[in-house]
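In what follows, structures are represented as structure tokens.
In what follows, chain A forms one complex with chain B and a second complex with chain C.
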Partner chain A sequence: MSTEEESDQPAFGRTFRVSHTYRSIIYRAGLYGSVATLLLILAFPLYWMAQSAFTTREGIQDGITFLPTPETFTVEQFDIVFNPTVGRYLLNSIIVTTGVVITVIVVSLIAGYGLARFDYKHKVKVARFLLVGYMFSPIVIAIPLYLIWDYLGLLNRYVGLIIALSALSMPFAVWLMWKYIQTIPTSLEESAWVAGASRWQGFKDVIVPQTKPAMIANSVFAFAIAWGDFTISYILMPSNEATTFPPGIFRVFTSSWETGWAEFMAISLLVSLPALLFAFFLQSYLLKGFKIRAL
Partner chain B sequence: MVEINIQNLTKKFGSLVAVDDFNLTIEDGEFITLVGPSGCGKTTTLRCVAGLESATSGQIMFGDHDVTDLPVQQRGIALLFQDIALYPHMTVRENMAYPLKLEGMSKEQRHERVRESAEMLQIVDQLDKHPSSLSGGQQQRVALGRSIVREPAMFLFDEPMSDLDAKLKHELRPLFAEVTDKVGCPTMYVTHDQEEAMTMSDQIAVMNDGELEQVGPPEEVYDEPQTSFVGEFIGRPNMEFFDAGVNRENGTIDLSIGDDVHQITTTDALAQYSGGNVRIGIRPQDITVVEDPNDGVTGDHVFDETLGDQTHSLFDTPLGRITVVTPPRFRGGEQQYGLQFDTDAMKAFDPKSGLRIQ
Partner chain C sequence: MATDLEPLDRSRRFYDDGFSIGRFEITSDDFWGWLTILPVVALYTLVALIPIGFAILASLHSVPLLNPQWEFVGFDNYIEVFQLDRFWGSMWRGFVFMIGSTVIQLTVGIWMALVLNKISRGSRILSTLVFTSYLIPTIIVTMMFLFMLDPYDGVLHAAGSSLGLWDDYLLGNTSLSMITVVIISSWKFSAFVTLFTLAQLQSIPDRFYEAAKVCGATTWEMFRDITLPRIYGAILVVIFLRAVFMFNKYDIIWQLTQGGPGSATTTMPILAYRETFDLGAYGMGNAIAIVMFLFLLAFGLVYLKYANPSEEVET
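Let's turn to the complex of A and B:
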């Protein structure tokens, strides 16, 4: 601390000094303060959704309390899942999402390997062109798709939506896999060939197991796109039986005034939860997958 | 196990000729080292022999079999890569058993064979670990083990020790020699390190610019270099080169290097250069330092590199900077000395082609 006695001496550094103790207190206050702010903005909507989902209809009408109260707590809102229509939406979503994730992983592995290991003219330009697809709004893509899918007889069919949604995440997935496989030294494969492995065996035994982080990153990405998609699903699956969850909620909302807020919140929670859990448990892999230089 | 015959091998990448009309025979059980500076085509040659590159022209024979167009999978070779190339997602045991698994061998047999190799390489207690938790030397042993679990027709090494420190290299050299000896097949070892080549090989093949300069046992390549490139590349410190005027006297030839004249016995080959110039190569070991600056070439002492068992001393002379191997306790103190060249140790080379004149 600078004092009166020191003032006639030449100034050394800044005259304003804060001791280590105060410094760390200020630092911590700032840190926890920003964490609290972030948490409030990010987590409160989730909490509010969950809190509403576990509240009775009457409880909501009376105005929900900040903390759950025993009198209004209930799980009966989740019975809506056993409603055959909503259950159907859920099943459709699960089938389509699983299909998309599997398609994206398989195709991105093969395409990424091809890009990484074979050279042809204008390879990078072609790959870049694929990313142009992301410049279009989904609705711009969805309407022509509807006409084409109608012509091909793919409307209201799982395979139709799986193809459309896989195509949405594919450019990114292929790009990631390409760059990831590039980081695996070719000598690993060559040593497998020397040992007698065919190109396919080398790919299967040496390359594929090492792409786990990229596969997981791709599946999280594909999952998020497929599970949450509204526009494409709404347009390509027009019949009620084929509807997936996000357009399904919209249908329920627009078709009936009987469904209460608590039930909507229960459905919303069900839609959000898998995506959150998926991302949460795979996040360490996810980061590894994205941690490639020259992406 | 058979001898390997490489005939007129040429490999071009577009207009670049990486290997030019390469001929070499490796006898059964022989350890041949392909040595040369980076970019000389030695690794390309090895990859052609392995089947990882296809030859532009020429033939590669394993005994009576022409393998030139055979894919790498069917050549039955073992290859040790520069970056070791162990599979990071497999344990040491799985790594070593992989070639056997491809052969369709049963699990018990695989583990038995892996165990035998691991015992020979002293890595039995590492079998359940992953490669990333092993030291550099242990990784080399595992890679070596993976190559020998299958009986290879030929053993190829692609600069496997270039990333290791000197001490580890020294430790692994006898191991490589021992293992290849036990396997007993022809071995081709590629390196840019002339010391490795000298210490490990039955035969050394020196390459430069895609061409084979000389093949022979290490001592022969060292004592009788056939080109000035070989003379310079093999042996440390590097051979010193000087331009020398050639003058034929009665029965002898005078070589004048600077102001110094060396009289040597005539050879017919050298006599043809009479009145012209040749390149003279002499090893720093064959130059003697004397106190009298006027005895031989005058040299201003610059610097001593102390090695303990000998000293490498640098001198500035009218002929340029010359390195001389001096006794272990020699300290020049930046004085003037005389440098005497041992006439018998001089090698004469054609100034244009670099070929030896004998």
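Let's turn to the complex of A and C:
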């Protein structure tokens, strides 16, 4: 603090300076100005997507309007979900995402428990090796995986994509679980053992229920990776029947002139809905996840 | 009852003592520890180690994608890669993209985190938006922005051209397309910096600020002497992570421009994809992937050296 440098001034010198109030006004203006700017930048694209989803194609072509008028309002654009191709992409995405989330939760729970509770040889080395996962680049991995999966017969198979995406989500998930289980006192488990529980029962009945916040954070992050993945699925699921939503809609988007902007915005709104809901209801869990990650 | 307890006893003994195979003493902790980490190690081997090894092997061969006949060519692929004009060009553009988007994300992200940490009203709305931009699929972001920049129906295009900032399709402009891609990716990925920094900011105890206030510190002094030193480490980590992720970024660039117009937004990942799947030179694509991997390895070593993330938290 700079109080020592200004020791020749009266003790409460600052309060007598007029500039203090000015400074506070400038500070408040800056703060709320920033809030307004950031809200505008972040919300505008989302708002624009949402309002266009409810506007007819003619309404969009006629010119820019900030809200659909009664004449141009429609919900017909959402019929694109019943389009067999797009429906197929969505179904594939749902299957793959479910698979990835389940795999990530189970594997990270087991590995996190092991890292937190067993003191085995080379543990720190293994933990560091896990961090190499941060260096996984989807494109660097996907190019060699393409032929490997081809040889193994995993190309265009859900299992192949689920394995690849789970591995991508793993470093963060295992690490989060490890740090989280460390914060659960060992004594809880020990008292269960004393009462006659086996190690497995202690894990299942004492540890697992307590890791709920970490499991929620892990599943949302795994969901974000699997639901949003483009690169891996684009390369490993080349067939049109097997591909997930992001590469699928990209294909429709680059090849078809029949589908209008309003329809793309409608399907975008639907696909981003889970993200919006998670962001609103689960944000405290996610922030906790980041808190542990930043340790 | 006594017979019921016997298997339990035996397993309890096994938990405590472990066993040994020949000279190798395997304690029970070793056994169970390695058993629990095994699925992760197996996944990693399958999805990271084998592909990297496979890529090194493939990069030494000429492999036409449509008819994978492996023909050994030694380092020819690498020599050819380094002689390609488009390789050096895309490396340069890759660095421009990486540095540009990392700087913007860092500035906006930290600004956003500081604001979120200070406001009380409206913080839930703002943080919902931040999380949303982090969680929504990249393809949605791409479609939103492509729509808004559409030369016929796009709102941003109309705004930009009426202000005289640009006339034609922004992403079709050779000199402006890179900066546009950088800004659109920053819209998506700034949230990562924000969340990372915000988590750190919220772990600073309030009493630090109270003590500083009692001593008469101004807001700026509190920021400089309390906040900044506390988030400095997290910022270093986030710079490394963002730089690595942006260097690898393939999806958003491909979706927005496919590397075009011309090669104005062709970064290294785009080049690797094009060589592999458009030109069908699988060995060549793998050589580029390996060059990228070596860059990443260098990054990774620096990251591990400066941030020591394997430290355990104390309970």
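Note that in this section the second predicted complex is superposed on the first by the 255 of 295 C-alpha atoms of A that agree within 3 Å, B and C clash if a C-alpha of one lies under 4 Å from a C-alpha of the other, contacts with A are read in each partner's own complex, and residues count from 1 in each chain.
In this section, a residue touches a chain if its C-beta (ideal position, glycine included) is under 8 Å from a C-beta of that chain, and two chains touch if they have at least 3 such contacts.
Computed from a prediction, not measured in an experiment: that's the story for all the values here.
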First, second, both or neither for A:Phe230, with chain B first and chain C second: second
Which superposed partner A:Leu67 touches (first chain B, second chain C, both, neither): neither
Partner, of chain C and chain B, that touches more residues belonging to chain A: C
Which superposed partner A:Ala127 touches (first chain B, second chain C, both, neither): second
Touching partner for A:Ser191 - first (chain B), second (chain C), both, neither: first
Touched partner set for A:Tyr27, first chain B, second chain C, both or neither: second
Which of chain B and chain C A:Val75 touches, first, second, both or neither: neither
A:Phe280 touches, of chain B and chain C: first, second, both or neither? second
Touching partner for A:Gln201 - first (chain B), second (chain C), both, neither: first
Overlapping contact positions on chain A, where the chain C interface meets the chain B interface: 185, 198
Complex interface listing, chain C residues touching chain A: 8, 11, 15, 27, 29-37, 39-41, 43-44, 46-48, 50-52, 54-55, 58, 63, 68, 111-112, 115, 118-119, 122, 124-141, 143-145, 147-148, 150, 152-153, 155, 158, 187, 195-196, 198-200, 202-203, 212, 215-219, 221, 225, 234, 237, 241, 244, 247-248, 250-251, 254-255, 269, 272-273, 276-277, 282, 285-286, 289, 292-293, 296-297, 299-300, 303-304, 309-313, 315
Residue ranges of chain A in contact with chain B within the complex: 185, 187-188, 190-198, 201, 205-206, 209-210
Residue ranges of chain A in contact with chain C within the complex: 1-3, 12, 14, 23, 27, 31-32, 34-35, 38-39, 41-43, 45-46, 48-49, 52, 60-61, 64, 107-108, 110-111, 113-115, 118-121, 123-124, 126-141, 143-148, 150, 163-164, 166-168, 170, 174-175, 179, 182-183, 185, 198-199, 220, 223-224, 227-228, 230-231, 234-235, 245-246, 249-250, 253, 261, 264-265, 268, 271-272, 275-276, 278-280, 283, 286-287, 290-295
Touching residues (chain side chain B, partner chain A) in the complex: 50, 52, 71-74, 76-79, 81-83, 85, 87-89, 98-99, 102-103, 146, 150
